[in-house]
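Chain IDs A, B and C follow the sequence of writing; residue 1 opens each chain.
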Amino acid sequence: MATTLTEHAPHADAHHHELSFVRKYIFSEDHKIIGIQFLFMSLFFLLVGGLLAAIMRWQLAYPTDPANPLPGGGLFPETMVNNGIILPEFYNSAVTMHGTIMIFFAIMPLLVGVFANYLIPLQIGAPDMAFPKLNMASFWTAFPAGLIMLAGFFVEGGHSSAGWTQYAPLSADPEWTGVYAGQQLWLISMIILGFASLMGAVNYITTVINMRAPGMTWFRIPLPTWALFITAILILLAIPVLTGALIMLLFDQTIGTTFFASATGGEPLLWQHMFWFFGHPEVYILILPGMGFVSEIIAAGSRKPIFGYAAMVLAIIAIAFIGWLVWGHHMFQSGMNPMLGMSFMVTTMIIAVPSAIKVFNWLGTMWRGDLHFHTPMLHAVTFVAMFVIGGLSGVFVASTPVDIFLHDTYFVVAHLHYVLFGGSLFAIFGAITFWYPKMFGRMMNSTLGKIHFWLTLIFFNLVFFPMHNLGIAGMMRRIYDFTQYEYLAPFQGLQMFISWSAFVLIGAQFIFAFNFLYSLFRGEKAPQNPWHANSLEWTAAPSPPPHGNFAHTPTVYRGPYEYSHPDAPGDYWPQNEPGPAAPAPEPVYAE
Amino acid sequence: MGWLPEAASTFADSIDGIFYLILAITGVIFIAVEAVLLWFAVKYRHRDGRKAYHTHGNIRVEVVWTAVPAVLVVLIGVLSVRPWLHIRSPDSIPPDAYAIDMTAKQFEWNATYVGPDGAMGTDDDVTQRNQLHIPVGRPVVVMLRSEDVIHSFFLPEFRVKQDAVPGMEMAVWFQATRTGEFNLACAELCGTGHTRMGGRVIVHSADDFDAWLLAEGAGPPLGARLASSTDQP
Amino acid sequence: MRKYFDPFRLAALSGAAAFLVACGGGGDAGADGASSEGGADADAAPAIDPATTGTVVGTVTYTGSAPAPVSIDMSEEPACAEKHDDAPMRVPVRVSGDGGLANGFVYIKEGLADRDWGPPGGDVTLDQEGCEYIPHVMGVRAGQDIEIVNSDGLMHNINAGPELNRGFNINQPTNMTSTRSFARQEIMIPVRCDVHGWMEGYIGVMEHPFFAVSGEDGTFRIEGLPAGDYTIGLWHEELGEREMVVTVAAQEEATADFTLDDSTAGTASLGEPLVIHHSHAAGAASR
């Protein structure tokens, strides 16, 4: 295999026939360009999802208040915002599409589409993916799926409004929601996106198995690639289940089947079982890659080997296995057999253990380290701090009796945002700032990065921590106007506080967007290895790497986390540096 | 700031008890982990001349921090089993529970009380919209159905929540511990009017409940029902 | 349970949403009553000479025993309850002292020339006040804008369930106006509020302008009818449908008095097609 790789000496290709602009940047087969395409696409959807959240938060701050009309409400048609009042049907659409877009078009492609594409070949020492054309097809399938999803906002009847979980029969018949084409576009878009994910997953798995550079044994693979590899397996097994369910739901919508309609023999709970059989592995799809990035950044930022590398890998694998056995914990109150609920409670409790192992190992990595708090490190350490909160709040809802009260309340909203925002999104910000110099050959501005980080950290907590309280007080999620309930009306002050914190939080993201775009053109030129890290993308390829990545296929001599090794010359020891060298007296790390 | 709503059913003690137990356990872990994280972040921050300690880990501590969380979550799981079965197992429904039919539809709760003939499902049954009248100190079993989409029957003060799924009939039982007016809410997104799908639970004393039944033209008084149901076994 | 299946529609959906919007917008014209197949073009439609038209007047009378009004418990909406001087009631058969039956929808069912009856004219208003629809029964032209007004200032849901038209299911959380329309002729479209289960109203949609709703005294009047023989239809939510034949002479008043007893109570057929439309799915857009 290694010989095949060298024969294809990729840098020679790049020199010998220049690719046209279209082939190089648009219909590109280069995994790095495809990763960057996903990056731009998913950052755009992150913006859309954030704006949808702002609309929801306005309604929650000023529920149906003519004195406080939605700013810019006049831009919306009367079917969405009437006289500045956000209508319930549009609010439900905003709730649905915020969830859908953030999960499927922002977080998931940011974690997997961007970094699995960009990092896997670079970290394992491969010139590209195993199937470059399939990789291109993956992006050019995901992109139209995104357009179709956006189109749903512009059709008669509005966009899908059955929640991102699309519980049937609400989602199965327009009679219940008044949504026609929007619902069908939602389903079609998701089916198409599923194919994009599958093409990507096949590629990542094959590449990791077959295309590792000489010496890159399984236990020398950097943790981001490990996490992405396991994630790809989850995608490969979970997405087909979702796609099957989606097709059944589309048939219910269009040709009059009744898989999920009870009146004619269908079964509403079947949808929930199929959705969550996909949906819970999906939750881990959304967190495992972030855990991988954070491991990489914390090790490099602490100048220490990752504490318990093998435990980390085994924890990822354990989460991936047990993740298939916990879907029922979303359905404790659904009418599922209470005995089954008990079994799911047990598996759910067990899956907390590998997550705990990972947290303790990150702490162990920081212990007696030499911590450099650059922007990526700030985000990575915050990931650990926030993931702890999201993990611990999960224990409340895992306990079936407590879940009776907390199910479908803001407590769940707080929990999932501590995992998906406090966890995944902080990991993504860390990862983007960490690998940005490799992607674009320039550093992101550190001052702007730190301002963005602190504002995000503070206002994220001001937004989501009080939501625990709302949930404990019994406030239901997905409620358009909570003041309709006497016992919830007193919380308007707190909701207003949360909303204004959310507006600042969303506003702070524009600092990141500005930094991202500004640094593309004006950022400081990046050296090959600005973080003094060990893995191949830093030690064997320039910033940015050329088409084909490596001038010569690198050979790997050691694991990726040999920081501050007594036998190494500096405080880091590249994976591809041959043999042990004489120990140096002082570390030469400079920030 | 929000905290658990006032408690008005016999389930509140056990559910709130486990809630506080989890809060105590996770609270200690939360404070400990965040404190250690902050302490490390300050203590080991980069200073000129600091060299990190090279280690790949330690099997013994890995075992410890695997075992301790495992024991804690198993403990929480075990403690959750009994209240869960007490609340949810069909076997736990007291045989003398007063039965009320509850049909959910977009966007209202229709509670049906047995008519004077003592049989549910006959013409003399009495149905009321968005109001649930129950007696205090007597188990009540609500037979929950949905006509259209999934709703969720949520009584915050009673710590009761159960989805109403079309095509299924769920028996939900509980027992009020105090008289007064409480909330009935829909907790599952059920359409555009979901936010208005609320109602009131009115808990009467046993005598008042009989008087209310009489006034509404509904069923035999509770005293009579209880007497007849105790005759049966 | 409406099901829309049409391979073309499915293909259009998956292909491009913009195309779908265009498709929906273009579907407005597809109604049989005034289709261009008859040779009459909208622009070419000659104005009707008033000298050639007559009037139909009549009274709808009910002789049976009216079902007792049912009281509505509006205690959960005090704002609505306050707007009613007496206890709010649902009156399915509203009869005046001398037997006049209100809320009957009277329309020309057969006999009109196959022609274009011109633009539908101004807006009509459907108000929600005191948690009731005002008017309870109304007629509109196909394509005519219906201004749905929420005068109550509390949350109303307006769920129109037509068979032939595209329905809508919208909300008005506070005082506001929403405008909707129906593209095709249909007798009758029920409108209900799913938040206030007692609220119900009915809308008749006609291609032509010759329809009326009987008033409190049971009388109705349809003007401007070209002279000729007509079948006049009557629809009532509880008492079902009737029809009778009248001859209208120019500049004269023809009389069409309906007398109903309770023999057909409960046979009202909601949404039964007045005109059979063959194309079921071709974008009957109401907006």
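The working rule: contacts are C-beta pairs under 8 Å (C-beta built on N, C-alpha and C of every residue); 3 or more make two chains touch, one makes a residue touch a chain.
Quick caveat, the model's predicted, so the values are computed rather than measured.
Counting C-beta pairs in contact, the chain pair with the largest number is A-B.
In this view the innermost chain, defined by its CA centroid being closest to the centroid of all protein CA atoms, is A.
Of all chains, the one whose Cα centroid sits at the greatest distance from that of chain A is C. Our note on geometry: chain A versus chain B, Cα centroid distance of 33 Å, whole angstroms. Note: centroid distance chain A to chain C, computed from Cα atoms, is 51 Å. Look at where the CA atoms of chain B average out and do the same for chain C: the two points lie 46 Å apart. Among the residues of chain A, those touching two or more other chains are numbered 88-89, 177-178, 480-481, 484. Residues of chain C found to touch two or more other chains are 155, 169-171.
Of all residues in chain B, those touching 2 or more other chains are 106, 191-193, 195-196, listed in ascending order.
Residue ranges of chain B in contact with chain C, taken from their complex: 105-108, 128-130, 191-193, 195-196, 199-200. Of all residues in chain B, only 1-5, 11, 14-15, 18-19, 22-23, 25-26, 29-30, 33-34, 36-37, 40-41, 44-46, 50-58, 61-62, 65-66, 69-70, 73-74, 76-77, 80-81, 83-85, 87-89, 106, 148-150, 152, 154, 156, 159-163, 165-168, 170, 183, 185-196, 198 touch chain A in the complex they form.
The part of chain C that touches chain A in the complex is made up of residues 1-5, 10, 13-14, 16-18, 20-21, 24, 155, 159, 161, 166-179, 285, 287. By the touch criterion given at the top, residues 88-89, 92, 95, 161-163, 167, 169-170, 176-178, 261-263, 266-269, 302-311, 333-335, 338, 341-342, 345-346, 349-350, 352-353, 356-357, 359-361, 363-364, 366-373, 381, 384-385, 388-389, 392-393, 395-396, 398-402, 404-405, 407-409, 466, 469-476, 478-482, 484-487, 491, 494, 561, 563-566, 571, 587, 591 of chain A touch chain B in their complex. Those residues of chain A that touch chain C in the complex are listed here as 64, 66, 78-79, 82-83, 85, 87-89, 148, 151-152, 154-157, 173-175, 177-178, 180-181, 184-185, 188, 254-256, 480-481, 484.
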